[in-house]
Amino acid sequence: MSNEAHALPGQASDHPYLRSAILHCLLIAASFVMLYPILWMLAGSLRPAEDLFGGGASLIPSQVTIRAYTQGWFGVQMSFGRFFLNSLLIATLATLGNVFAASLAAYAFARLNFVGRKFWFALMLGTLMLPYHVTLIPQYVLFQNLGWVNTWLPLIVPKYFAVDAFFIFLMVQFFRGIPRELDEAAQMDGCSPWRIYYKVMLPLSLPVLATAAIFSFIWTWEDFFGPLIYVSDMNLYTVQLGLRSFIDSSGTSSWNELFAMSVLSLIPIFLIFLFFQRLLIEGIATTGMKR
Amino acid sequence: MSTSIQLRKVVKRFEALEVIKGVDLDIEPGKFTVFVGPSGCGKSTLLRMIAGLESITGGDLHIGGQKMNDVAAAKRGIAMVFQSYALYPHMTVYKNLAFGLETAGVRRDEIDRRVREAAETLRITEYLPRRPKALSGGQRQRVAIGRSIVRDPNIFLFDEPLSNLDAELRVQMRVEISKLHERLGNTMIYVTHDQVEAMTMADTIVVLRGGEVMQVGSPLELYNRPANRFVAGFIGSPKMNFLEAARVATDAIDVAGQAIQLEPYQLGRCPAETPITFGIRPEHIVLGGEVGQALGEARVDLVEHLGGSTSVYATMPSGASLTVLAPGQLSIRHGETVPLRFDAANCHAFGPDDQTLRN
Amino acid sequence: MSVSERSPAAAGNGESNALARSYREAFRRNAPGYLFLAPWLIGFFCLTLGPALGSLYLSLTDFDLLQTPNFVGLQNYVRMATADPKFVSAMRVTFLYVVLSMPLKLGFALAVAMMLNRGLKGLPIYRAVFYLPSLLGASVAIAVLWRQLFAADGMVNSMLAIIGIEGPSWISNPRYSLYTLVVLSVWQFGSPMIIFLAGLRQIPTDMYEAASLDGASASRQFWKITLPLLSPVIFFNFVIQTIEAFKAFTPAFIVSGGTGGPINSTLFYTLYLYQEAFGNFRMGYASALAWVLVIIIAIFTAFSFLSTRYWVHYDE
């Protein structure tokens, strides 16, 4: 009837510009609060050491210097370059394994017919919820018996067996969205399941493969617990372990060097975030999951 | 060259659900066979079992005289065109056509020759470097057909290939597929739910319903001598009129008080007084005049002028509604009462089990 | 057709022949699936199921990594329940952490998601900014940063000094140290926020239009439309994030220097488990701790699922 007669109170139509301006102000303020700690760390890493905490909460260093970076790089016995290289190698190998093994399993779950498929799929989903602590100690014993402790193998090899069900789940969701008629057309074209997998499925799944690779890389890069228990030789340290020993060796005296190395350790993640933000966000939104 | 297909008591079950209920079928070599039936009746399932995309629960499938139940899809000498075309989106048209040949390990120059030949045939040469998403629906359809031609299969299968096209293109592609069949002479099976497609394209039509074959025959056989009420209603447009009736003599029935004379063979061995169904196609009813015999009168509810013909929707005094398709342009109006006449040779009678009574 | 015709025994026995054929057929049908699944299956048995059962056994022993384990029955569990104040303390800290951080984290996530869902310009930028902490949060660098933020002379106290308050040393004061970790967790509300945003997108806007034509106020729309329709997503976020919170490790380890101090105030359950396993080499006891964690998570998940019928609204 006459909805125009009594204008709707409190609706966005009242003062649309004012409301969205207020909203923007709120969000900008919140963004600032969210980013402040990170910016503060960045600023701290660029301050001279004598500045100590004199800078207080301010973001603007009295004087900009990269001394913290050049000194922190060699702040522990080993150069951080070594740690970065180690982390890069581990994360790359782990990522390859995750993407490869998870896509194989996901293809089987999403597309192939075999006895017991639903059963295995349910078990796979079950492992999503299982805390890794419950497998931790026997795994440690296993790897110790294999002579793998104090190598990178415990950090890499399990990924080639798709132990992280998250990636399988992510890919199953995506594979299911690819029209089944494409597989069938390929089947009529004489393709074996393997050829369908790598000639049809994989090329069509690049977005989800990239998403899985990115998450896998970031999580391996950030992983602290794994290297902590398996790696003791400093030559094999990851960046995260390097940072930890930096804390232990220097206390708070060279906090700006610690900050500098911390900032450096975040840069790869930040770059990935910058370039692949959309994939990350879609990945989270479609699986509804993230550690 | 062309290949026959035999199905013997073929059954398909999805878990407990029986979708194909014992189908016996002989598909003659070189013929264009159409599976037609309402949606969900199992046409696609039957086709996919022939293709090897769906396993066969029971019965035997022979292709070219060989049992094929457990032979892999690619080894049956069959190509299939899918409803959604199923073109590989990440490959160019050329690659789409070449993919099956590459898989089979055909030599590069041979692949190139065959791809270009097929592209020539279907007039898609200029699109070879494009990706499928840069093509229109009709062009994609051609590519999909091209992909099946290059492999030079013995048998072509089509699963509702035209249903994603607009009406005009659909007619055009219909003609093209028929011409293709004429030229290649292969065995082709074509699935559709559209009886017009079936009538216009088929050498042989297989009418399916609920996983069972209702009738097999040429288009005109199905039109002239439907085996049962379902086929009678499904083939022909507008639909055949069905009126309740009863047999009163060896050669006469009663349709709502109107006695109608038929030939005894049209009523078969149906006992007297049983309720039967009298069927007459809209185009076989004449409004007024002197030909044939009277069917009674009807009041006109609606008239549709199509130019070349006129559809009249009317109600009989018994309350039964009726469609009449008259040639030319008539000047009747809504509310008028018209006399109906027909020729006994054109009518059908179905028993209580819906089977035709004619013997 | 048949291959095994050569063998007279098989040829004579049609039944076994048919059996052999059906086995071959079953193999042909199932082999590709199991080949593709093989890496996962090996991983599942050797790295997940086997070890899980192994730790169940170890939890009933006094395993110390060096000597062969001795079976001790339920002794580890009994000790946990009756004679381990550190276990009780770790439980208390962990539950407190979960109970404090979950509502705040999910509340922020939902509130910000709703603000962002109003078709504002610049959504991708805001979304990225709010998401970034979630992505970085698990790293040692951020834990290092947190230590400095809440140190006696850290950023937080510098800010408080501006308004004339002298803040305590948050990190080294057992009364406050856990709260700094709660703040760290809440700071990472970005990933549940993204899931909320995706959920909000699913709610048709015409539903709100119809409601506002009916004169429903904004708060009524929130309670009667947004919350019910979003409840499956809320439930999902709640379960996943809570399980993750139970498993939190790195921040407590770095902020407390691996001790869980001061006075066990940041002794997360997983940190205690780590100390027992790799500090004291009480592997049997640590296995028991791990299984108790599984049981807690299982009970929590089961109760959450049971509760859904009272508050989670599913479309048929």
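When the chains are written out, they are named A, B and C in that same order, and each has its own residue count from 1.
What we mean here is this: a contact is a pair of C-beta atoms (placed from the backbone, for glycine too) under 8 Å apart; a residue touches a chain by one contact, two chains touch by 3 or more.
The model shown is predicted, which means the values in this text are computed figures rather than measured ones.
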Contact pairs, highest-scoring chain pair: A-C
Remotest chain, subunit C as reference, centres from CA atoms: B
Geometric centre distance via CA averages, subunit B-subunit A, whole Å: 56
Whole-Å separation of chain centres (CA-atom averages), subunit A against subunit C: 15
Per-residue overlap in subunit B, given as positions that touch at least 2 other chains: none
Where subunit C touches two or more other chains, by residue: 29
Subunit A residues touching subunit B - in the complex, by the definition given at the top: 179, 181-182, 184-191, 195, 199-200, 203-204
Contact footprint of subunit A on subunit C as seen in their complex: 26, 29-30, 32-34, 36-44, 46-48, 50-52, 54-55, 58, 63, 65, 112, 115-116, 118, 120, 122, 124, 126-136, 138-142, 144-146, 148-149, 151, 153-156, 158-159, 161-162, 187, 191, 194-195, 197-198, 212-213, 215, 217-218, 233, 236-237, 240, 243-244, 246-247, 249-250, 253-254, 257, 270, 273-274, 277-278, 283, 286-287, 289-291, 293-294, 297, 301
Of subunit B, residues touching subunit A in the complex: 51-53, 73-74, 78-80, 82-84, 86-90, 99-100, 103-104, 147, 151
Residues of subunit A that touch subunit C when the two form their complex: 3, 8, 10-12, 20, 23-24, 26-27, 30-31, 34-35, 37-38, 40-41, 44, 52-53, 56-57, 101-102, 104-105, 107-109, 112-115, 117, 120, 123-124, 127, 129-142, 144, 158, 160-163, 168, 192-194, 197, 218-219, 221-222, 224-225, 228-229, 239-240, 243-244, 247-248, 252, 255, 258-259, 261-263, 265-266, 269-270, 273, 277, 280-281, 284-286, 288-291
